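Chain IDs A, B and C follow the sequence of writing; residue 1 opens each chain.
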């Protein structure tokens, strides 16, 4: 379950379980609820602030909780709409947000990183990947809009249509991330960047982000349905 | 007329005439029909596959068949809509597509390259160019959407408003192409890239591409008319 | 008040006051009127031509005339709509346009530079900055569209949500400008680029630009109102 620490004015939100060094940090419905509760806590703070998200171990987030999903396929539309709320919340969060991508960011985990203002990625380990095409899975209307808009058209083609794994150096060169750092230094580098931006925190920043990302937010708000969730065979 | 060869699981579609080393590969209506027939043949194959398009000699494609067009100006709207079908077909082709740009890619020829997933260009010869502004020609609604969306706003400005010729090195630096190779090695490099992606072939990839390119496809489907085909004087 | 000089076929429009070496070149309503009158003069010329804008001294343009605005807050909607006309006019100007960014380009001054086809910036002095987030000011619908579309999504995030000052080298690396030059050489470099493009001048170029920038122009034409001008607190 997500939990919170603090480094000066920077909130550090861990996506994994406290005390556990390695977890996949997948989007279980309870995990989504707890992530929102943790963000509520950050939003309820006062004064200058910024947010960093990260995890410990091999994964930043491995994406959808397929174990849960395969046992609850009748809830798939509701579930995907819940996943979207994480992206929308981060895109409009009224303080600077930096993802410290400590390990693999796959599928919805990659999209979570992409929903932050900035991203720092380990240069020596871990991949950013959208493997949907290889798993015969679709992108939702909102996911498609998020990736194509945030990464730009050709980077979207090169990730969404191939499913390939992008390491830190290439992710930096193609603009998927904004910086890299070696090993555990990724967290310190993300905190350093966030600490420089704490004074922007406030409702005006939230308004600016909501306008900037308006088309993506509109797509993420489209309710998932049989009609718009098309699986290719 | 376009013709087909095969290199393992990679289909290599030549835009020129078999046995002729040099041709301009312009968009004659019959050439468009034959291109679609050749793509039908590729699409009818089964199993892992990817597509490379290329040509021999000095040109990849020199664009619209102006000789034919000036003799058939009453058919210009029908003709441009037919040209659009080539772009739409490539953008949604249900396997990975790589253009091996062996020589000049001008106007609709450049747009054809841009309709592939990826592009490799000769580094030592040949230009990518959208010369419409210098020929007092307009871009159709669909062509405008294709170029601005695929190349990004500023690269679109720098090509569409100047008509200048972009060589391989600059095309790579500005993201117009994804790789370069010297001389004839351009085809081998395109085949190498395509061969790595043959397992993505399938309906799911087609669906992903159709969503990714939805706004461009919508613009390409706008029927050309007197009203939306505005020539500046 | 803006004034005009000429260097061969290149019109050089100075944003400041003739004979005064240093001025902030803010958007006073009279200054906007004179800028349009000067552009009318350029547009009334005949033959090959291109446009460079620049200024002398420390500023290219420091943006909105906040002194005037705070004394005329009842006219804020009318005023912002007038500011928009400068961006729209430049985006569709029927000849090549190059901004020679001689010094600070802040807020609407930065957006003015971004409304040109190309930008050259001093490498040794001056910043490009959108400080709105730090001043508790909003972006209008049109300004938001201009910046996000012209700079691309992530560069928009990195400027609009931080308010930070971007120097020449970083502005070039991130695509905010297309070239840099040291000191006063910035004007000569902009004129050199413009001089290469004088033959594109004409109505066809205007039509091509109007199509290319259609979504931004549409957003800039949205009348500013209480409802769409939301200030965060």
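Just so we're on the same page, a residue touches a chain if its C-beta (ideal position, glycine included) is under 8 Å from a C-beta of that chain, and two chains touch if they have at least 3 such contacts.
Every value quoted in this text rests on a predicted model; they were computed, and no experiment measured them.
Visitor: Going only between touching chains, how few steps reach chain C from chain B?
Guide: The distance in steps between these two chains is 1.
Visitor: Taking shared residue numbers divided by all residue numbers at the interface, is the value for chain A and chain B over half (same) or under half (different)?
Guide: Different, since most residue numbers here occur in only one copy.
Visitor: Would you kindly give the rotation angle relating chain A to chain C, two copies of one sequence, based on a CA superposition and rounded to a multiple of 5 degrees?
Guide: Rounded to the nearest 5 degrees, it is 120.
Visitor: Averaging over Cα atoms per chain, report the distance between chain A and chain B in Å.
Guide: Taking the average C-alpha coordinate of chain A and of chain B, the gap between them is 34 Å.
Visitor: Residues of chain C that contact two or more other chains, please.
Guide: Within chain C, residues 152 contact more than one other chain.
Visitor: In the complex of these two chains, what residues of chain A are touching chain C?
Guide: 94, 96, 117-118, 149-150, 152, 175, 178, 197, 199-200, 202-209, 211-212, 214
Visitor: Which bits of chain C are touching chain A when the two form their complex?
Guide: Residues 132-134, 136-139, 141, 144, 148, 152-154, 156-158, 160-163, 230-233.
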